[in-house]
Amino acid sequence: MLKIIVQKELSVYFRNLNNIFLPLIFFFLIISIFPLVLGPEKKLFDKIIPGIIWITTILTTILTSNNFFKDDFNNGIIEIYLTSDSSIELILFLKIISSWFFTCLPIIVFIPLVSVLFNISFDSALVILATLIIGTPVLISIGIFGSALTMGLSKNNILIPVIVVPFYIPVLIFSASAIEAVSIGLSYEMQIYILLALLLLTLPIMPYLLKYTLRLSINN
Amino acid sequence: MLKIIVQKELSVYFRNLNNIFLPLIFFFLIISIFPLVLGPEKKLFDKIIPGIIWITTILTTILTSNNFFKDDFNNGIIEIYLTSDSSIELILFLKIISSWFFTCLPIIVFIPLVSVLFNISFDSALVILATLIIGTPVLISIGIFGSALTMGLSKNNILIPVIVVPFYIPVLIFSASAIEAVSIGLSYEMQIYILLALLLLTLPIMPYLLKYTLRLSINN
Amino acid sequence: MEISVNSASCYKNDNLIFRDINLTLKNSDIALISGSNGSGKTTLIKSICGIQALESGNVSINDVDIENKNSTYIENIIYVGHKNSLNNDLTVYENLEYLSALDLSINSNNKLKIEEAMNYFNIYKYKDYPVKNLSEGNKKKTSLARLVMTKKKIWVLDEPLSFLDDKSTDIFINLMIKNQKNKGITILSSHIDLSKNIENIKHLRM
Amino acid sequence: MEISVNSASCYKNDNLIFRDINLTLKNSDIALISGSNGSGKTTLIKSICGIQALESGNVSINDVDIENKNSTYIENIIYVGHKNSLNNDLTVYENLEYLSALDLSINSNNKLKIEEAMNYFNIYKYKDYPVKNLSEGNKKKTSLARLVMTKKKIWVLDEPLSFLDDKSTDIFINLMIKNQKNKGITILSSHIDLSKNIENIKHLRM
Amino acid sequence: MNISKIANLKFFYTKTEKIISFLSILTLFLFIAGIYWGLFVAPEDYLQGNSYRIMYIHVPAAWLSLQTYIFMAIAGFIALVWKIKIMEIASVQSASIGAFFTIIALVTGMIWGKPTWGTYWVWDARLTSELILLFLYIGVIVLYASFSDKRQAVKITSLLAIIGLVNIPIIHYSVEWWNTLHQGPTVTKFDKPSAHISMLLPLLYMFLVFNLYFITVIMKRIRLGIYMRERNSKWMKEYTND
């Protein structure tokens, strides 16, 4: 059973192999907008590029998780989940993981290249990579939670980020602070541990929370 | 007839008076994320704040125009537009304007306050204001065009920005360059004229282009 | 008035959907398109409204191809599709107001017309319900209520009877008969055989 | 097996939808819920499946409230709603594969079952069509095909006959009769009077 | 419909009208007295002069802004778990009161910041987390307003409030952490006013008055919420017609 569910969740994305490249293209596109808008001053840009990478990743997660359940809700698939005897928690978990897989992972894989392109030091690149790997699943889960809350509403493109982004802040702060720490030669272990703790706190609870939320949301 | 159409387009938003505040809240939320990610250094922040304002506005327009026609498409309203004897171009024009009205205008109105909060000089604030007023309708129209192109697709949250953002670039460049010019005391008239030209080029053509695109997209 | 489909063929994705369909309807004609699921009824109906492109053949009103710039098709045809064409967040009244604003054949003073339409289909009590709170049948009635308001003469309807209860079905059939009496033309698809209810119905089996 | 609705009342947004509904069904029972549009059929059906909360009263299977943790309701009930519960981008086969993976009563080796289900409803030829390219009736058949695969005994179906052509309607009625013979329970809503087609049908008018 | 729950709403609605008007007058009176005490009786601060007096608004408002969030989340929790209607109403109604306190704390803080730090705003830990608290409140308010079915809305916002409560300490510590690592450019440390008893007493007093204000307003708003929900019910019509 598990195999089929994983397969289907993935094949919605895989249908188009392009879909793997989309978040990547989006990522580069947004990153390349920053110098256009902030001016081409290289020093400034080099200084803030880790931050920009993070901001851009946040956008990607906001866009991906926005209206995450809308199609499933409109098609009545959520109703099937809620009346199914197989483990919905598992399905929801797989949904989180596969959306992470197709939106954040491509970005993460390309971080080494990005680091070379933008002269990010090896140590910094490593920390950026680590914070992204640990942080993005949390962001994606929170975003998906937001769209479960608002599943039945229309015109909620901006509503969901407004609800969700405040919850992003701990992840952002610890990631930024780890990156800052490594850049001035301080230890950043502590921050990584805290990020890990956030991940371990969020990910196991999220499927149950999502199920509960979907049940509340559908009962309108 | 016109009156009712305008009324209805607006009342979808107005149903909830909150909807006027949403883009504003979103705007402040995103702006306040930047110091969290880039570090609280005030000097740096003051330097890049005009750029940040622009980036944040871009996000707002991306989010607003994303899947702009999806609900109307799913509900079959697009089909009604295409078989209606009243002027669809006009309706589409009104749709652009009202979505601008409810997402960009609130931000624009608050730019003076933002400028005071972030110590932006009066001259700069004026130019930011001008570029936003002229630029945002163009961005919104381009975004809406993107979602007309992809109306029938699902999972297109990231697809649309990827298609659309490259078209944003002229607006961004001239706006940034106007802001840069005023900050170093140069004249910025030229850039404003070019932005105006972009606006006058886009807005009148857009309804016809949109109608044509909808007709193509629906005929799948 | 006369509407005719002339040896129309349609492909989708390189699959033939239908071929060489001919149909000519004059004033007061009612055509029932029937056929098994997937036989192309919806596709034909969309072609008649100009939403679906044909591979060959054409649809013409008074001998003018509807693709032609001078065609009056858009002033004559009203299409009620499968989907309800309602905005879920607006109320029943607001939706009808909006839809009537899109239809130039309806007088500008349409408040009375809207109330009449709601009364006709017994949905007046839902006047101020947002459409998303309606039952499926009442949504359908709301979208059919456009037909009470319009003065357009060629009605093209895709499974208008779906989700309607018996009483509403009768009401709707009466509406079609009224259109027939007004010399209007109706083209509809349905799985229900209406020849018992309506006289002189033309039958197109796909 | 026995399913019963005990003096159930339901409010939505402070509006009374139905009050004091009672219904008890035993093995081989078929219950047809009918009533005019907006009378609360869909709402009742959703309550029976535990999707819609009741204000008072309850639904129980073998005398265990379905809200109860020990209830076996989720292992016994299969719900086919109004909406098709299909993913538009996946093919018919993939959708059925996914839906059967969500139903533990179906054997893990379900390939044969899926082919059987598609053949049963004559949609085998659309096997590799993405659902968005199906006609409305064929979508419905795809979503009903779950019933061919499942071993669950309590079927709860909201207007399963909508959009089906005559032949498919017969096929579907036969499926219900088969379930009846297997001692299954069927609850369905419809505007069509099925008492001619099925013996011993219980009628609940809302 | 459960009799005891309806009775509960009815009981609250019918019995509290007089208490509320009494509380309103009392709060107003005590507030004026407190303002007088804070502005005129309490001694001048030797460092900050008179500008510190804004503390008598700022500090209680800041405390209440947190307290209200805790109240909102707990009420939401009770509403979801035990399905107590009055708690649903209490939870969602406290959001705007909390947002109000937060805005007061922010605005008075900014006004106070100008003379003490020379700027309205710094990205200090406490300031930032207060700002985020405002966004959390706004999230609840906006979410509530987006639903047309208000009973559905309260359930959803209660859930959001509970999750937010879990997150508040995390946000708090993260922000603190963030700020200790990179030093801000300006004086970001709070100058603790000399905790003289003659300054502290009016502060404690104002804190109590703010609490009283909260109780009054939340009761008023619960009544309003009950009215909005039950205005079509029989007892409400009878009651309002009397």
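Just so it is clear, A, B, C, D and E label the chains in written order, and each chain counts residues from 1 on its own.
Assume contacts are C-beta pairs under 8 Å (C-beta built on N, C-alpha and C of every residue); 3 or more make two chains touch, one makes a residue touch a chain.
Note that the structure is a prediction, hence the values are computed from the model and not measured.
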item: Neighbouring chains shared between chain A and chain D, ordered by label; value: B, C, E
item: Pair with more cross-chain C-beta pairs in contact, given B-E and A-E; value: A-E
item: Farthest chain (mean CA position) relative to chain D; value: E
item: Between chain B and chain D, centroid-to-centroid distance (C-alpha), Å; value: 45
item: Between chain B and chain A, distance of the C-alpha-averaged centres to the nearest whole Å; value: 24
item: Euclidean distance of C-alpha centroids - chain B vs chain C, Å; value: 37
item: Approximate Å spacing (C-alpha centroids) for the pair chain C, chain E; value: 56
item: Junction residues of chain B, two or more chains touched; value: 12, 15, 22, 25, 29, 36, 39, 71, 74, 154-155
item: Residue list for chain E, restricted to those that touch at least two other chains; value: 135, 138, 142, 146, 148-149, 152, 178, 182
item: Residue numbers of chain D (touch at least two other chains); value: 12-13, 82, 88-89
item: Chain D contact footprint on chain A (complex, rising order); value: 1, 4-5, 8, 11-12, 15, 71-72, 74-77, 79-86, 91, 218-220
item: Residues of chain C defined as touching chain D within the complex; value: 12-13, 35-39, 41-42, 82, 126, 133-138, 141, 159, 162-168, 191
item: Complex interface listing, chain A residues touching chain B; value: 12-13, 19, 22-23, 25-26, 29-30, 33-34, 36-39, 44, 47-48, 51, 54-55, 58-60, 62-64, 66-67, 71, 74, 103, 154-155, 157-159, 161-162, 165-166, 168-169, 172-173, 175-176, 180
item: Contacting residues of chain D [partner chain E, same complex]; value: 9, 11-14, 55-56
item: Chain B residues touching chain E - in the complex, by the definition given at the top; value: 15-18, 21-22, 25, 29, 32, 35-36, 39-43, 45, 117
